[in-house]
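Paired with chain B in one complex and with chain C in the other, chain A is shared by the two complexes that follow.
This part shows the complex of A and B:
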C-alpha cells in the first residue's frame, strides 16, 4: 500500500510544481527552466529547519521554505528578466545549476550526498494517508489559486502583458513588476511543494533538482496544455503514473530506472509530435 | 606557488584540457549559427559517439581507426535522423522555441536512458589505461594526449575555416545563417544546409569524445554537463561567431585551471555556471573585443 501512496503523493507534489510553473511560463510567458531550484530551496529550507530546530512546527518550516523561495526568485527575476526568450531560458539554467553547485559544496546542506534524517512530524500506519491528504489538499488549493489569479482582472492583465508587452507598457502598466510578482508567486508555490517533499521523503539531494527535473516539469506543463488551468494536472498524473505500469514486472533497479525513463521520454516525444498543443491545449497556439 | 614554471605548467595544461571543449563548442556554435537552434540533442550524440567507440574498442576488439569510423557513422547517422525526422518536422509546423528545447533535451535523455540500460552507470574509459607518456620540455610536462588534443583541435579548426571560406557548401551555410529565406531565393536549400551542419557538428563531437574518453571516464549522464560547457563558450564568444566561441572555450578552461591557485577544485563548476549567468545577463551578445586600428 505504501508504494501507491508514495506515487500519489509524488503526483500531488508535482501537480503543485506543474501548476505553479504553468503560471510563470504558460500565463506569464516567462521562459525559465529554473523552477526545480525553487523546489530545492523550499525543500532544503524546510529540511534544515526541521533538523536544526525540531521544536518549530512543520507548517512554519514549510512556509519558511515558501518565503525563502520567493526571496530567491525575486533576486533571480530582478537580475535576469531584462532578457527574454532563449536568453532567459539559458540564464535561468545557469542560475539553477550554479545554485545547485553551491548546495553541493556547502557542508551544512549535506553536500553532494544530500540532507538526510529529516524528522517526520507524522508517524505510524496513517502517515502515508495523512501526507496524501495534506499534499492533495495543497495541490487542489494551488490549482484553484492559479485559476483565481488567471480568471480575474489581474489574469487578463497578465495575458495582455504576455501577448503584447509594448502595448501593455504604453497603457501605463508596469510589466516588470507584474513579471516579478508572477514569478514570485509561482516560485513560492514551488518552495512550498519542496517543503512537503522534504517532510514526506525525509531526504533531499542536489541531483533531484537538476536539469532533468526541469525537463520533467516543463513536459508536464506542455503535454497537459500550457496556459490551461487543468492541463498541468493531467500532465503530472500521466507522466508520473504511466511509467509505474512496469513496476509489476519486478525488474532489478538497474533495469527498472532506465526503463521508466525510456517510457517517460517516449511518451513526451510521442505527444510532442502527435498533440503539440497539449492534451487540454487549444490548437493553433504555438509553444 | 606562483613560480613561473608552475604558472607555465598550468597554462599548458589549461590549453590542452580545453581542446575537446573547443571542438564541442565549435560544433554547438556552428549549429546555432546556421539553424538558430540551441541543439541540446548534441548531448545525446556525444553519448552515442563515446559508447560506440567504447564498444568497438573494448567489446568488439576493433582497431582505433575502425572504432572511430564506426563512431562517425553512428553519430552522423543519428544527427541526420534527428534533423530529418525531428527538427525539420517541427520547423515545418512552425513550432516555438520551447518545443525545440523540449524535443532536443528529451531526445538526449531518451538516448542516455537507452545507453544506461545497455551499458549501465559505471564510469568507462576508451582505453583500459588512460595514462599517457610524458615528455619534459623546458621543465613543463607535456603528455602525448596533450599533443594529440591540441593537434586534432588545430586541424579541426583549420579544416572548418577552409570549408566555410572556400567550399561552396560552406559558403551556403554562411548564406543560410545570414538569412535563410533570402538564401532560398538564390537557390540555396536551407534544408540541405541544416543537414550538412548536423553532420559537420557530428564530426567535431566524435573527435571531442575520443579525446575526452581517452583522458578520463564518462558515465551516460556526462554529456549533459559537456553540452552546458559548449553553451557557455558559445554565449561568451557571441552567437554567430564560431571561432570566437572556440577562443572563449580556451579562456574558460584557463580560468578554471588558474582558479586552483585561489580556490578548491570543487568550486570550479560553480565558477563555470557563474560565468554562464553573468555572461548572458551582462553580455547577451557575447564579449566583443574592441577592434584595433593601426592607422587611418
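This part shows the complex of A and C:
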C-alpha cells in the first residue's frame, strides 16, 4: 500500500465519520459516543460478506454494511433516545462496549484477533488511486448530504428541536421520529465508511472501534467546529495530518510516541480555552 | 356557539398532591375564558393535561367532539390545540421568522422524502407560510423584527412572538399561559387586541393570568381554581366580588 494514498483514504473515511457524527451530535444534539460501533458494524458486515460470499459485488456489501448500521442504530435509538443528555451518553457507551465484547467473543467475527483476509476487490497498481477516488467521492457526498439536511426547512426543525424540544413537540412535531431519522442517517453513513475501510485495509480488528476511536472522532468534530458543515472536514484533515507532519521531524521513537498524545491533548485544551466553537465555528453555541 | 373543548372528571395526582380533582370544563368557539387562582392551584397543570404534556389518571377530554386523551402531545397539536408557555420556550438560536415557521401544524418541508422528491410543493408551502408569518407579525407591529434573533428582542416582544408562533399553529383552541406576566406598555395593548381578534375569528381561548384587569377587560367568563378543584365558574364580576375567593386568592 502506498503510504500517502493510505493517509488520504484514512482522511476521507474519517471525514465521513466526523461529518456524520457532527450531524448526530452537533446538529441533532444527541449526545452519543457510540459512533465507532456503527463504523464497526458496517466494516464487519461488509468484511464478512466479502469473505463468505465472494461472488457478491463489493458495492452491494458496502451498502449492506450501511443498512445493517441503520438497523442497529434504530434498535439503539428506539430504546435509548427517550433519555437524553448524560443518560444517553451512558446508554450509548454501554451499547458500544457491549457490542464490542460480543464481537470479540464470537467466533465468526474472528474474535479478538480480528477479521483478516478480506478479499481485495481491486488489484494492480491503480488500486490505491481507485480507492482514493471512491472514498473521496463518498466523503464529498456525505458532507453534501449533511449540508442539505441541516440547511432549509428540515434543518430549521432540527434547530428548534434542539433548542426547546417541549415547545417543538407541542407545535405538532414528532421529535422522537426526527431524532431516530437523524440518528439512523448519521449511523448509516458511519456504516458505509466501515464498509469502505474493510475493503481497503482488508483487515478489521475490534480494538480500533473502542472508546479511543470515539474520542478521536469527537476531537475532530470539536476542533473543526461542532454544528458547522465543513468543520468536521477540517478536523479530520488536521488530526490525521498532524501526526504525519511530526514524523518529518525525524525524532526517535521513544519521543515520538508520547509526542502525539501530548500534542492532541494540548490542541484540545487550547481550543477549549481559546476557541471553544472550533476552527469554523462562529460563536459559542449551546450543545 | 359551538363547543370546542369539553373536559370531564379530569383527575391527576403526583403522590400526595392533587393537581386536578374532578375538573369539568367546557369552552366554546369565540369565548375567552379566564382561569384564575393562587399559585399551585393547578392552572398550568390543567393546560398540561389538556395539551397532552401530562397524562390524566382519570377523566376524558374532547376537542370538537372527538375524544383526544389517548393522543400524544404532538398529535393533539395537529388536531388543533395550540398553547403558549409561562416561560415562553422560544427557539433561542433562531430568528423571529424561523420561530414562527416551526408553528404550522403540518409542514411538507420537514419530511426528508418530500424534501428530496417534491421540492416544488415544499417551495410553495414555504412561501405560503412565510406570508402568513409576516401577516401575523404585521398585525402585531413587529414585522421589522422578522430577521432578528428572538433573544435580542425586549421581553414584551418575546411574549408576543410566543403568541405569534402559537397562532401559526392555527388551532381551534388557544391555551395562553400567563401571556401578560412581565408585559407592559405597547406590548400589553397589542396582546389584548390580538387575543380579542382571535376569539372573534372563532377560536376558543383559555387564559391563565394573574393580572385581574386583563381578565376583566377580556373575559366574559372565568373559572376559579384552588388545590386542583374548580371552586366557581361564572362571570368575572361574580368571581371578583365573591368574598371566599378573594380571601383564598389575595389572602385578605
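Convention: the second predicted complex is superposed on the first by the 270 of 287 C-alpha atoms of A that agree within 3 Å, B and C clash if a C-alpha of one lies under 4 Å from a C-alpha of the other, contacts with A are read in each partner's own complex, and residues count from 1 in each chain.
FYI, contacts are C-beta pairs under 8 Å (C-beta built on N, C-alpha and C of every residue); 3 or more make two chains touch, one makes a residue touch a chain.
As the structure is a prediction and not an experimental result, all values here were calculated from the model.
Between chain B and chain C, it is B that contacts the larger number of residues in chain A. Residue contacts after overlaying the shared chain place A:95 against chain B, while chain C stays out of touching range.
Using the contact criterion defined above for the overlaid structures, shared-chain residue A:80 touches chain B, although it does not reach chain C. When both complexes are overlaid on chain A, the residue A:159 reaches chain C alone and has no touch with chain B.
By the touch criterion stated above, A:136 is placed in contact with neither chain B nor chain C. Look at A:114: by the touch rule set out above, it reaches neither chain B nor chain C.
Touch criterion met: A:174 reaches chain C, while chain B stays clear of it. Look at A:149: by the touch rule set out above, it reaches chain C but stays clear of chain B.
Residue overlap on chain A between the chain B contacts of one complex and the chain C contacts of the other covers 286.
On the side of chain C, the complex with chain A involves touching residues 51-53, 73-75, 77-78, 82-83, 85, 89-94, 98-99, 101-107, 109-112, 115, 122, 126, 165-166, 168-169. Of all the residues in chain A, the ones that touch chain B in their complex are 25, 31, 33, 79-80, 82-83, 85-87, 89-91, 93-95, 97-98, 101-102, 104-105, 211-212, 215, 218-219, 222, 226, 254-255, 257-259, 261-262, 265-266, 268-269, 272-273, 276, 286-287. Chain contact summary for the complex, chain A toward chain C: residues 148-149, 152-154, 156-157, 159-160, 162-164, 166-175, 178, 181, 285-286. Of all residues in chain B, only 38, 89, 93-99, 101-103, 105-107, 109-110, 113-114, 116-117, 120-121, 224, 228, 231-232, 235, 266-267, 269-270, 273-274, 276-277, 280-281, 284 touch chain A in the complex they form.
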